[in-house]
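First chain A sits with chain B, and in the next complex the same chain sits with chain C.
And now, the complex of A and B:
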């Protein structure tokens, strides 16, 4: 091996890398929040909607879960303009991440909803709550609590998967690393550091989500 | 001058499925060997071994596959002081990637076997490897089949990322077709459909196996 590593080149560009990491964090966090709303609506539709809607949601979930994220990105990137919606690469990437997380989230929430005892729902209905109120006040919160760890894992998978949105030239950590390594000719060093940043973000998000769980479901319920 | 997307173009994509399947197979078999080792090392009483394997799993599950591919691609180039072919880099990266996931799945399966099974086989004076070979692994294998099939779906979808470093499989073949036909809205849905045709039966199989094993173990699920 006659290769001299030059990590000082990477250090010279720490500002760009930090910016890329922030972009990845923002993109992922935004996608998760919107995706969670999509997932909640779809999970409700799948649990309480008419059969046509249930069928459509099931088809959405199965289609997304059995095709690669990268292909989904390409389809969304090319189909939004065809539908008359003009978007830049970053908005298309966000849309693809929302659609993807929405499908996995629906499936995870469905499991949570099914874990709620039927007696709870019957009791809420007997008290005169509508189906939507029952879902909103009785089912959703404990269901979210039950499946929160699975949602957190899925979110971290989403954050890691976001590295492939560079394929449609959306700007985030991977895209910035790609351009830095191509101008400095130090691919290994840059990818090594970027990989470390992703690992740090994955661990950081896990810690933050653990904190959210504690604040919302442990401390929040005690008072 | 443009080609249009017709039967011969469709057949080109269908033919590319074999590279997706071949890469998945190589990564699955190689990853299976690595994963078995990891799972066994993760469940020993040897603390350093457990820590090392936990670190390995965290490293591969906490970083994007794309970064792993870049690192192996450029890492092998650094190691051998020359540009390497995409095949060995991609095969190695996906092997280690699936080793981490399979190792974690199988660790769970081994730990799901009641401790009394270990104790009973120790009483019959079986050695550690005999316990594993004749008592623990056969039972663990049964539980592990549904999530293993589920991971296979994840792996097949994941191999699409190899297209980014220029490895020609189904997604890359789709990109090549788009470049000559300029019909992304036709080509990418076909690519997605081909993935779906491969992955969906596996997903259904995984689900039905899970249900059957749950039934055998007397676990009730609301479905």
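And now, the complex of A and C:
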């Protein structure tokens, strides 16, 4: 098959592509930070909360982990206006990503929390630490260290999954790419470049998260 | 005896070399491949009523699909549908996943830079529609309003040009999402073909949707890959015959409810 590549078309639109990539990075980074807070609260609730809260959190985690991300996005974007809540596409995308990462994060953190020996918790309580202090200093910190690689992988997956939010008109990298390929009729050029950008962002995030791990869990503990 | 064998050998060599030359001179065309495999792969968009839809049993239906079936039948080939979203209509063809795209692709000069058009086999108009309560009489009323359009469609090529500065254009990947955005109030108005608009309005009488502005009227036709002249010529011949015998008009009337306007050729 014959196809003549014209990559100069891509250069004419580098600014739009950069803006799309920037929104992908902003959405992903914000969703990770807020999602991690959600996950921590839920993991604590699941480990130490009353049974009603434990059930509610379990239901949330299972609901999100067993339904497609695209459907979750559609539900948030199309049904919130019916409840009188107005959200634009970017807000709906961020909300969906937080809810999604929160559920996976809860499950990952739970595994980390279960890896902490019961003797440690008993010792902390015997030393007079409150439940919350025990959770923060004795359970959460080592648990986070243990599951950090799994959290980092889940975050990269979230960043790549953000490509589907173009379906609700959020103008991240995939949306820009789709618009550009459909107006310039140069699909291969734009999809190749988008692939490269996603790869670059994933590797970049991996490096940053590796740096965070070293700063917090390696250097931080040494001093 | 030995000279006889020698002659035979030379004749075979000559014949073989002729065959090799013939093959290098003209690679098998897409039309040849379709005819020898007795199978044609047609890219269609089944999320674009009334041109392409899925019927109650999940089978492709619509005017584009009916045209494609008739075309394949007359070609003597089995049809294989390649279902694509509106954004995939040209990429699927260029990537070689389909031999031809029959998905009501309006003829535009920009698209013609990437693919080859056959003669038009239908016409459509793009309109902007909205709930009754939305004030929209002239294009100037679009200022400050959110208007939903679908990527890789004629709307995308025309609405941004006619909309004045200050119009908030919102892009969706497929028509279903654009419609859902209008019905859920995520956009104030939406642009699509007049036929799609009628389907949506009929299915949602409670929303009081009405036609507000005409954007453009255009002809659409099948597209083939650049260089597939033999296939294009056969399809043009098929369109010529089926325009004259009324088949195209009958299909168009059946699915759109209106008469097919006279089709120009190029």
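Here is the rule we go by: the second predicted complex is superposed on the first by the 223 of 223 C-alpha atoms of A that agree within 3 Å, B and C clash if a C-alpha of one lies under 4 Å from a C-alpha of the other, contacts with A are read in each partner's own complex, and residues count from 1 in each chain.
We adopt the following convention: contacts are C-beta pairs under 8 Å (C-beta built on N, C-alpha and C of every residue); 3 or more make two chains touch, one makes a residue touch a chain.
All of these numbers come straight from a predicted model, not from anything done at the bench.
*Asks:* Using the overlay on chain A, decide if chain B and chain C clash or can fit next to each other.
*Replies:* Superposition check on chain A flags a clash between chain B and chain C.
*Asks:* Between chain B (first) and chain C (second), which does A:160 come into contact with in this model arrangement: first, second, both, or neither?
*Replies:* first
*Asks:* What is the contact status of A:41 with respect to chain B (first) and chain C (second): first, second, both, or neither?
*Replies:* Neither partner.
*Asks:* On the A-aligned overlay, A:69 touches which partner chain: chain B = first, chain C = second, or both, or neither?
*Replies:* Only chain B is touched by A:69; chain C is not.
*Asks:* A:79 contacts which: chain B (first), chain C (second), both, neither?
*Replies:* A:79 contacts both chain B and chain C.
*Asks:* State whether A:29 touches chain B only (first), chain C only (second), both chains, or neither.
*Replies:* So A:29 meets neither chain B nor chain C here.
*Asks:* Based on the superposed arrangement, let me know which partner A:3 touches: chain B (first), chain C (second), both, or neither?
*Replies:* It touches chain B and chain C both.
*Asks:* Touching A:199 in the superposition: chain B (first), chain C (second), both, neither?
*Replies:* After superposition on chain A, A:199 lies in contact with chain B alone.
*Asks:* Looking at A:183, would you say it contacts chain B, chain C, both, or neither? Reply first, second, both or neither.
*Replies:* Second partner only, chain C.
*Asks:* Looking only at contacts as defined up top, I'd like to know whether chain B or chain C touches more of chain A.
*Replies:* B
*Asks:* Should A:89 be classified as contacting the first partner (chain B), the second (chain C), both, or neither?
*Replies:* second
*Asks:* Where on chain A do the contacts from chain B and from chain C line up?
*Replies:* Shared contact residues on chain A (touching chain B in one complex, chain C in the other): 1-3, 74, 78-79, 82, 166-167, 187-188.
*Asks:* Tell me, which parts of chain A touch chain C in their complex?
*Replies:* 1-3, 74, 77-79, 81-82, 89, 166-169, 171, 175, 178-179, 181-183, 185-188
*Asks:* Help me check something: in the complex, which residues belonging to chain C touch chain A?
*Replies:* The touching residues are 87, 90-91, 94-96, 110-111, 113-115, 148, 151-152, 156-157, 170-174, 177, 180-181, 184-186, 227.
*Asks:* Which positions of chain B touch chain A when the two form their complex?
*Replies:* Interface residues on the chain B side: 58-59, 62-68, 70-71, 74-75, 77-79, 81, 153, 157-158, 160-161, 163-164, 171, 174, 184-185, 188-189, 191-192, 195-196, 199-200, 203, 221-223.
*Asks:* Taking the complex as given, what residues does chain A use to touch chain B?
*Replies:* Its residues touching chain B are 1-3, 62-63, 65-72, 74-75, 78-79, 82, 114-115, 156, 160-164, 166-167, 174, 187-188, 191-192, 194-195, 198-199, 202-203.
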